[in-house]
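In what follows, chain A forms one complex with chain B and a second complex with chain C.
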Partner chain A sequence: MISLPHYLAIGAILFVLGLIGFLTRRNLIVMFLSAELMLQGVALNFVAFSRAHGNLHGQVFALFIIAVAACEAGIALAMFLMLYRKKRSLDISLWQALREPGLEETRDTVPLPVEPKEEPLPVLSVSGVEPARKERDYA
Partner chain B sequence: MLDPHQILLAVPLLPVLGALLCALFGSVKQLKSWSHVPAVLCAALSCACAFGVVAQLQQSGLPATFPGGDSDRIVWFGMDYAKARLVVEFGLSADHLAGIMLIGVTFIGFWIVVFSIGYMKGSPGFARYFAVVSLFLASMNLLILADNMILMFAGWEGVGLCSYLLVGYWHHKHSAAAAARKAFLVTRLGDVGLILGILLLWFMTGREGFDYARMFSNVPALAENNPVLFPLSCLMIVLGAVGKSAQFPLYVWLPDAMEGPTPVSALIHAATMVTAGVYLLARCTPLMLVVPGVQLTVAIIGAFTALLAAFIALTQHDLKRVLAYSTVSQIGFMFLAVGCAGPALPKIAVVAAIFHLFTHAFFKAVLFLSSGSVMHAMHDVIDMREFSGLRKVLPVTHIAFLCGALALAGIPLFSGFWSKDMVLEAALEAGHSERFGTIYMILFGVALTTALMTAFYTFRAYFRTFWGPLRMPDGAHPHETWVMNLPLIVLAIGAIVVGIAVEPFNQLFSGFLSKAPFLAATPSPEHHLNWPLILGSSAVALIGVGIAYFMYVKQPASAAKAAAAAGSWYAFSLNKLYVDEIFKVLFVQPMNLLAGISSLVDAVVSDLTRLIASIPRAMAVTIKPIQNGLVQFYALAMVVGVTAFIGYLVLFAK
Partner chain C sequence: MLFTFYFLLFTFYFEEDVLADSSNDLNWTVLLPVVAGGLAVWYMLPSTKRRPMVFGALAGLIALVGLAVFLVSGFGDQIPQTVEAGLFFGFSGLAVVFATLMITCRNPARSALSFAIVVLSTCGLFLLLAAPFLMAATIVIYAGAIIVTFLFVIMLSQHGGLSSADLRSRDPDLAVVAGFVLLAALLVGLERVYDWRNVDSAIAHAQQLAEAEKIDPEYLTPLTDGLGDPLPLTPKAEAFLTDLRAALNRVKVASPRSMDDSRLTDHKLVQEIENDMNGLANLGFRHHDAETIRTNCQKIAAGLSRLKALRDGNASFSDVPRSEHGEVKPIGNGPKQLPAANVSAVGRTLFSDHLLAIELAGTLLLVATIGAIAIAGRRGKSS
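Now for the complex of A and B:
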């Protein structure tokens, strides 16, 4: 039997996962996804309580959350696009200009791990000829 | 269309229009170099209207007024309380006194504007100059034509403002800006007195209307009912006249006002504005007649100033300053004459003052314009030690200056001679009166001495500038242009003929002025030429000229010897009797001290404020670093904060 605490536990897990993701990841889009995750955790809580109480109040809130999240996604993604065009990167730590004047910029003490380069896909040549592997830049 | 009332209104209104057009021209790039045109045209039209007004006055004998009838009076402003009522109307009225002043102001004003075209050519702010000069003419006409004292005061302040603007015309020059401030502040002292005097008069009379006619209608009763306030108000008005007309002790601003362009010195600080005080006193003759003490004060101030300024003028090296002090001195003569109006007949004394004012306007204007021409030619050098013998290179200027100098010195047949003679005659007449007879006799002696000094210093300036070997400062390029010569010639002719043509043999001037409403009722003197006085004053003038000729032409070395012989007297005169220094110690330095104390207090107060403000700033330094601009740091702070809050609620709050 799945009871209210189970739903709440799932909601809490979703929320905390989102929170951890929001605080630790530096990629704007991933941060945004984490925030969505937190919202869904909260929405799950609402729905669970709605079912437990036997009324529709919580479900209404869940619908609102979904609507707001949709709007947010539209605006946030557009803004990320603009930010990306300015700096050619999605790293949130590049945007520190609103700090107290006179304060040093915060820099990474340990350099970020270099992501391994993906192995390029094989390029298929015309049939009948032996396939050759060519280096191509996918960046 | 040519309604006399409207012609009268046009006299002050046309220069206002001129000023506006000049300002407009000045703000359009293509028209900038043409911005003198509206000023000249409006001055000419205004002058024509003034002549029209006077011709009509001569014909009908009735003062022209604006507005025409009693029914359409224009209320400027008014206030109505239970106990007091002040209604100030906008009304113009040209009686005979105003008519004479109008002729002088607009005619001389027009020629000086013409002279300015040549003098100011190429100067920055060309349009500004002509706009302000036009505005000055408008204010001066308003001052003269106003039919009540408050409207008169508006014109009075208007001319003061224009004087300030024009003295400080070259405002980037420190000395010009300082002179403008000085002129404004010193005359302000007098103006405060004047407005107090006017309000006192209103307090006593002006329940119903406040124009001159009504105010003067029952002066004796007024003086009887207010034994303290009435003389006080008269004294206040005298104070205003003293400030504006640069009499002792408020004369210090006039010599400094020579920092302005020379045509301005000619127009404002010689011919018109500075004589406004004399006009005011003449206008207030009915009031002054009932307070002989105030009359005597005026006469003493006048005679003393005349002597003092003439004494200073004896040794000045700056040509314009000599003329400035002579202006102060000549206005002193006019004050002396006005001050004689009680003991001598008003028809002698007031006429003498206004006649001297009229001739003085001509000959002093031509003197100033000639010195402006010299200055223009000598590349803005006006120190007489720097040049001499200019009569060959500036022939027209030389002749014009000579005409003015002859008139100023009081050489027989020239205009200044006749008017100065009338002033002396008025003083002599007053000397025969019972009450302050001896004092007026002394004043007569002072005036005669001053006449001697006047002749000397005028011709000292003339000989030093135009005679002797030709010397010029570097950069001088002596030249004369017709636009500057024409006004010189016209005014020089005026300086010669305006005296002899209108007064000594036909009494045209005194006959006309005596018809003024406030003079018409007073008894008429019998006309005669006082031959002993005429011969005596001619002798005095000729002696003065002779001494100057001897000292500066015959034996140029004797001037230095005389200066050395005079010793401390010479230094006294050269340093203007140290009046500026005395004023500095008495007024300027205490004020500076006060200002210093104030700025100290100011510094203490503002430093205290800054000290208090620095406490939160110092505290803020410790928590500043958490504002580091990292979004995730802020989010973390939020999580920690919310966690702490909820933790408290869950664990501790009941």
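Now for the complex of A and C:
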């Protein structure tokens, strides 16, 4: 039968994927989504333990996780909007001034690949004489 | 490919260390999905180099198949072909696939939609775990409110298409190594805690030997005239004793280590089993004492079963001296009964056992609301 360790394994996988996303991605929104993914993994663990132990305390814990995640989402999204107004970007590396003293600033050394530019549409030269307009056409 | 080399090195070292006393030194059911999954995630993370997606997809497929094999065979339970098993594998496969897509998509809007699918699949798993209220609440709050708010923020802040932050990732090698070493540790730990197969087979083997009418001569060392060094044990007896030792190591994991800690009977039991095993080898197998073999095997099987039941949380604790922390109740193995009226039972638990916590959570929500309004309501100079 599907027992406790199966759900624990799925919870562990979700947590680890969220961890990797939080560590690597640089968009504030994706980082925040990764943190929520970690919370989902933990909530799955709590509910699985609740089922295995036959009481409801695990489900109550998961409810509290949802409440805290909702608070977190509200505050974080408000802050993202404010940060976006200051820098016009959601790139986390624009806020490196907040880093710990004594640490080097991280710089991107590898340039992004240059997208090939599209050929501009051909422009036809004007040929012939423009017909005179009458006043009543504009009425 | 330096990263791959380091990754393999880390994982090999780790596996070998953890599974030193197991017969399966390199635990392939864990190693294969973890390495393939790490490669898949590393391939698909945003990077300045264009990588062929085919390899990432292929590695991801291998990782998923390996994960399914691990889940089916790793914990020693037989998985029947029921609707529950089908739903579990469907929902968890969806959750894992879309979680991977979420962290690897370059477009944050697609990430948010993938996260919505992950939440829906997790809600399916909640329903399988008999938590219908939590499922409904999670769908409404996560997949409804939070994701929609995210999409609004993305809409407000992504005017010029993808930014350079979405096309790069920071230290993907180290992050993937760290994450998947952690995952391997968790999976190996789960397997070692929940897989009882080698203990069960050792107990069955000992019981079979204890009930045998006539001891199989393959176990018995040929007799000498009593002079000189004792002959080594036969291969079959040696294998049997190795199995017993591995099973004992497996069940004594949590027993107290210090000799003078006599509050728990575990330690005495472990010592008795070790003595019985020595007697079995020296007196039984070397000197053909059938009675010793039978009684010792009987005692070893009973002792191992008792220790396994203690580890399992399945034993009655009446004969275990209590620790100073009070009464110990058996936890029990396998799913217990949950009340059918889930909503009312959750409400009763919330408002009786967790009353203070729920008041605090409500206060937290209020404070967060005020804070969000205070932060977002302030106008920046640029707007």
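One rule holds in what follows: the second predicted complex is superposed on the first by the 105 of 139 C-alpha atoms of A that agree within 3 Å, B and C clash if a C-alpha of one lies under 4 Å from a C-alpha of the other, contacts with A are read in each partner's own complex, and residues count from 1 in each chain.
The working rule: a contact is a pair of C-beta atoms (placed from the backbone, for glycine too) under 8 Å apart; a residue touches a chain by one contact, two chains touch by 3 or more.
Quick caveat: nothing in here was measured; it's all calculated off a predicted structure.
Superposition model on chain A: chain B and chain C are shown accommodated side by side without a clash.
Of the two partner chains placed by the overlay, only chain C lies in contact with A:Leu33; chain B stays clear of it. Of the two partner chains, chain B and chain C are each touched by A:Leu19.
Annotation for chain A, partner touching more residues between chain B and chain C: C. After overlaying the two complexes on the shared chain, residue contacts for A:Leu124 are found with neither chain B nor chain C.
Once the two complexes are laid over each other on the shared chain, residue contacts for A:Ser93 go to chain B and to chain C alike.
Of the two partner chains placed by superposition, only chain B is touched by A:Leu103; chain C is not. Of the two partner chains, chain C is the only one that A:Met79 touches; chain B does not reach it.
Put simply, the nearest alpha carbons of chain B and chain C end up 7 Å apart when the two models share chain A. Residues common to the contacts of chain A with chain B and with chain C across the two structures: 19, 23-24, 26, 92-93, 106.
Residues of chain B that touch chain A in their complex: 624-625, 627-632, 635-636, 639.
Those residues of chain A that touch chain B in the complex are listed here as 19, 22-24, 26, 31, 92-93, 95-100, 103, 105-106. Of all the residues in chain C, the ones that touch chain A in their complex are 41, 45-46, 48-50, 67, 70-71, 74-75, 77, 79-80, 84-85, 88, 92, 95-96, 99-100, 102-103, 108, 111-112, 115, 118-119, 122, 125-126, 128-131, 133-134, 137-138, 141-142, 145-146, 149-150, 153-154, 156-158, 163-172, 174-176, 178-180, 182-183, 186-187, 190-191, 193-194, 331-332, 334-339, 345-346, 349-350, 353-354, 357, 361, 364-365, 367-369, 371-373, 375-376, 378-380, 382-383.
For chain A in complex with chain C, the residues that touch the partner chain are 1-10, 12-14, 16-21, 23-27, 29-30, 32-34, 36-37, 40, 43-44, 47-48, 50-57, 59-60, 62-64, 66-75, 77-82, 84-86, 88-93, 106, 108, 110-113.
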